[in-house]
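What follows is a single structure, written as structure tokens, with notes after it.
Order of writing sets the labels: A, B, C and D. Residues in every chain begin at 1.
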Amino acid sequence: MIYRRMGRTGLQLSALSFGSWVSFHKQIGDATANELMSIAYEQGINFFDNAEGYALGESEKMMGRVLKTKDWDRSSYVLSSKVFFGWRKENKPNQTGLSRKHIVEACHEALDRLQTDYLDLYFCHRPDPAVPIEEVVWTMHNLITQGKVLYWGTSMWSGAEIMEAHRVAQQYRLIGPVVEQPQYNLFERMKMEQDYLPVFQNVGMGTTIWSPLAAGFLTGKYLQGMPEGSRLGLEGFEWLRDRWLQEEKIAKLKKLNELAVELGVSIGNLAIAWTLANPNTTTAILGATRKEQLVDNLKALDVLPLLTPQVLARIDEIMGNKPFLNLA
Amino acid sequence: MIYRRMGRTGLQLSALSFGSWVSFHKQIGDATANELMSIAYEQGINFFDNAEGYALGESEKMMGRVLKTKDWDRSSYVLSSKVFFGWRKENKPNQTGLSRKHIVEACHEALDRLQTDYLDLYFCHRPDPAVPIEEVVWTMHNLITQGKVLYWGTSMWSGAEIMEAHRVAQQYRLIGPVVEQPQYNLFERMKMEQDYLPVFQNVGMGTTIWSPLAAGFLTGKYLQGMPEGSRLGLEGFEWLRDRWLQEEKIAKLKKLNELAVELGVSIGNLAIAWTLANPNTTTAILGATRKEQLVDNLKALDVLPLLTPQVLARIDEIMGNKPFLNLA
Amino acid sequence: MIYRRMGRTGLQLSALSFGSWVSFHKQIGDATANELMSIAYEQGINFFDNAEGYALGESEKMMGRVLKTKDWDRSSYVLSSKVFFGWRKENKPNQTGLSRKHIVEACHEALDRLQTDYLDLYFCHRPDPAVPIEEVVWTMHNLITQGKVLYWGTSMWSGAEIMEAHRVAQQYRLIGPVVEQPQYNLFERMKMEQDYLPVFQNVGMGTTIWSPLAAGFLTGKYLQGMPEGSRLGLEGFEWLRDRWLQEEKIAKLKKLNELAVELGVSIGNLAIAWTLANPNTTTAILGATRKEQLVDNLKALDVLPLLTPQVLARIDEIMGNKPFLNLA
Amino acid sequence: MIYRRMGRTGLQLSALSFGSWVSFHKQIGDATANELMSIAYEQGINFFDNAEGYALGESEKMMGRVLKTKDWDRSSYVLSSKVFFGWRKENKPNQTGLSRKHIVEACHEALDRLQTDYLDLYFCHRPDPAVPIEEVVWTMHNLITQGKVLYWGTSMWSGAEIMEAHRVAQQYRLIGPVVEQPQYNLFERMKMEQDYLPVFQNVGMGTTIWSPLAAGFLTGKYLQGMPEGSRLGLEGFEWLRDRWLQEEKIAKLKKLNELAVELGVSIGNLAIAWTLANPNTTTAILGATRKEQLVDNLKALDVLPLLTPQVLARIDEIMGNKPFLNLA
């Protein structure tokens, strides 16, 4: 396993990490979760990602139960949660969003569900335009002061929103966000490769990217249509299906596959490795639901050395979506 | 129910809320308090207001006992207390006012009486010229840092005093006050409509207004003299009686009543709705002592849409007390 | 002559000073202005007050011409101007108010009219709700940095607005306002005796008060009705007339007059001296239009020692308008 | 004419303004420039936009010559320049970009060419990734301190870059940028309607938008192909031509034209008014080269009241490019 410093912090994350997003509780039970987390841990993965909103809190409870069965040092892994969406079926005012009241209460609830004393990472799962960023920064800072959180970050915020958080942190001399969890894969490049550049350059930031495989689309299993039981067939995820199953994208996929074959690797591992080739990526979160899948994904680390400037240029040509940097 | 952000914070308060001021312990017992709070909660009220000085601490104890019987999520409602007047019959030095010693001790005592781990809102019940505002701001900030308070505010402070608190917060990089609890009703307009304007404009502030009905005077029950058992007849509230029972005010009251009749609403609901028509009002605190009264007060929300600019202008004409803004 | 430090600054102003407001250009010409300023200067008055808006710039031009004829050291007197109202008959956007553009341009224009290199005091003549106080503070600070202004202040701002200016100055480490020019006399006490108290207490501030004689009303000449040619008879000042000529005020005036007679002084000098008895008053601006008037006004300094606590209490009783300080 | 405050500043700009971009020197001479600026000024336009890069400095020289012939108060209009591209045919190192050396030298050169003592607005014409934003903010701040510039801004910066400028201003207590000059029209909406939103909300910013007519494309003259002599036919502007002359855009243009006909207005004025309907637009810069054109453009103000929510929704439907705000 490779470990990388998370942005300008001293925290080291494994370059590949393990997330529970659409899998825990919805697709897999405690036994499988336990098996997958064990493999991940043994292979050197040290970051387990979670959120209050995943399966309405059930995902955190499951991860908490699994961790309870282990004799792993608490210091040997990094645990996250995220606040924004709430976990109740019907949320009242102040039970979602980024008000101080919700962040504080959600943190306490997440600690309970995960059965731990502190979160290593705590993310604002979305920006909340109805709450001043000042209130968010102060609240996260206070949770760090109280020892309940070690580092805080953002997820799916714009570059301007992240910079505003840093401006406020500067103004009040507070601890600002140090990590962002964006979507990043061969089809979604704008945020990581353009919008965040002034952030990376001026204040620094780690990234724990999600969906490196574009919800499985980049595994190649959709080259010939959609199989039964795959994530894209789950109820509530139709929007993912519509977005990807377009002819143009299938065409690009086929060319990528040819390149993968040429390199002697799977298209999925090529796609994962490609996200790691971006020096601003700290870790790519894997969402495997089966043992074989996870073991296979881990081989992406072996593909990384194959991504020479020449290969990366060919990928850019195939995708045709490299952001144009207007450097005048 | 309508919910409003409390000033620039992310906290949402119901536009009508429920206070225990002169009612709890003095006028009603646990059973009625329980009934009223249940109705309020079911109708969407999420803010319950209290203070150490209300009935010398008995009001908080009663509210704490009532809440103990409920299975309401702590995150589903907002609880306040206020510090300044003390709660003992004979207060020694440091048992009233805004010294760090009294604020900290009063907070712990209020948490005990309310049987909760934290106050959502904590107010300085009056300004205290004998204590540097710096000491007040630091103390409130520390209580927030400790997690015992989520937001702090002022009550009956002048605009200049509130701005001084913000200046000190700025100087030391602390969390300043975000809410003020002023008296506001058709007869008391200066603070909300003139003195606080630069505060609203420059640093923002929510308001949880008290006495929207002018201690019941605006309910119309005094149109023909003072009934037995009304709040204005209680011992210790003679000053309220003297203030309102003046001929000129009765005359205005009658004209307001005519307007209410014309609109097909009660004068009380017109008065409550009028306080909500001010965009700087977050919530109006109701002090109902009977079920029917509370249910009736809640209809004020239906009156709000009737308050067109034309109707508001007529009210201004009747009252003749709209502050003159010297905008040169 | 008595000299007082202007608030917490090191600048000393004569306790009585000389203003050009409604007199210069409108009531008197260069010769009289010259005579009055000479007497004032010889009697130790060192502060001459002016504004861009006085007689649409003509007042400043006249004062500039008079000063040009003198061999007075520039260091021996203090010169002010004020910005807000503009001086053109028809002002276009940005030719009034407190935008950076207008403040800077108005300063240059005032320096031209007064024929001087710098203003000792530069006042914002009114608050401007359409301009962030931040922009005002920055602009005034920069004019001080450039040496065009020595001290800056406000006029007719509320306590909250002044504190906001100090908060902003604190935030950006700028030079804040150090003097306010309020109306202050026996009939207008709220601002000086209540609203500004937290300002005096927390950040300090000098005051150059205007209208110590309530536009001449307190000279006693209206005891028997309004004489021809007095200031209250001038066109455009009807509002002053309406405000003062009310029976209740005349009644108080008569009682004040009795007290003055008892003390063996004129009611006018009693009124002026009374403003100086407030320790927060730095200087009272005189607006005399005749030599005898000015010479007489200067005797107010001799009345000051007569204002014992007992006499001040009697005045408070007569006026019945001493602000009630709710110190809980 | 309508005037709007430029963001949170106190400066007022006319809602329509006049720019010299591709017209001065390239398309029109002094006489026409004089005629156009006179009409603009008489119609209430008070903002004249310029840049060092427009016609390699010749545009500023021409505007300076025209203004020299006028007796307009300097305080009655707002003058801008922009720094980045340089003005020499062959620029050496330090003769372009945003280094302190170039910004300072370019400012002095622009003042010379425009024959004025200060610029009301000074823009960074593009972001310069090769210069720390810290150096840019410090330099602009110093120019303001020196009185050579009144307000500074950015042009075509990203939201994250603008926020970084504010973070730096916060850190060093400097005056940050207060205005941005983006391209904004019916075809280019992302920056104004999505990227800048956190900037508008958190620190505020005026906008002086350019190309409200999409380089003339939205005037309707391209409905049947490209006429001789139009701006899109000028050498060096081929990129504009390629961008707009696409079938899909022509189709949208025709539908817009139908809507304009229905409203009884020209498509051009509909397009201009539409940019003003965005509350975050301060002013739309017109680039008319003929008298009739300018007079006609000014009628856009009359179209503004026709843009009801219903009409705006129809426009959104026609264009199909309204940014999707992921507010979760």
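By our rule, a residue touches a chain if its C-beta (ideal position, glycine included) is under 8 Å from a C-beta of that chain, and two chains touch if they have at least 3 such contacts.
Source: prediction; values computed, not measured.
*Asks:* Which chains sit in contact with both members of the pair chain C and chain D?
*Replies:* Common contact partners of chain C and chain D, which must touch each of the two, are absent.
*Asks:* Report same or different for the chain A and chain B interface, where same means the shared residue numbers exceed half of all residue numbers found there.
*Replies:* Result for this pair: different.
*Asks:* Averaged over CA atoms, how far is the centre of chain B from the centre of chain C? Could you give it in whole Å?
*Replies:* Chain centres of chain B and chain C, defined by C-alpha means, are spaced 39 Å apart.
*Asks:* Where the CA atoms of chain A average out and where those of chain C average out, how many Å apart are those spots?
*Replies:* Using C-alpha averages as centres, the distance is 64 Å.
*Asks:* Return the distance between the CA-based centres of chain A and chain B, expressed in whole Å.
*Replies:* About 44 Å, centre to centre.
*Asks:* So which bits of chain D are touching at least two other chains?
*Replies:* Where chain D is concerned, no single residue meets two or more other chains.
*Asks:* Name the shape of the chain contact graph, picking from line, ring, star, complete and other.
*Replies:* Ring.
*Asks:* Let me make sure I understand the interfaces: which chain pairs count as touching?
*Replies:* Once each pair is checked, the touching ones are A-B, A-D, B-C, C-D.
*Asks:* Along chain C, where are the residues that touch chain D in the complex?
*Replies:* Contacts found on chain C: 88, 92-95, 97-102, 104-105, 128, 130-132, 135-136, 138, 142, 145-146, 171-174.
*Asks:* Please output the residues of chain B touching chain C within their complex, sorted ascending.
*Replies:* 84-85, 126-129, 133, 156, 158-164, 166-167, 170-171, 195-199, 201-203, 326-328
*Asks:* Quick check on the complex: what are the chain D residues that touch chain C?
*Replies:* 3, 5, 8-12, 14, 46, 73-76, 78, 120, 144-147, 150-151, 173, 175
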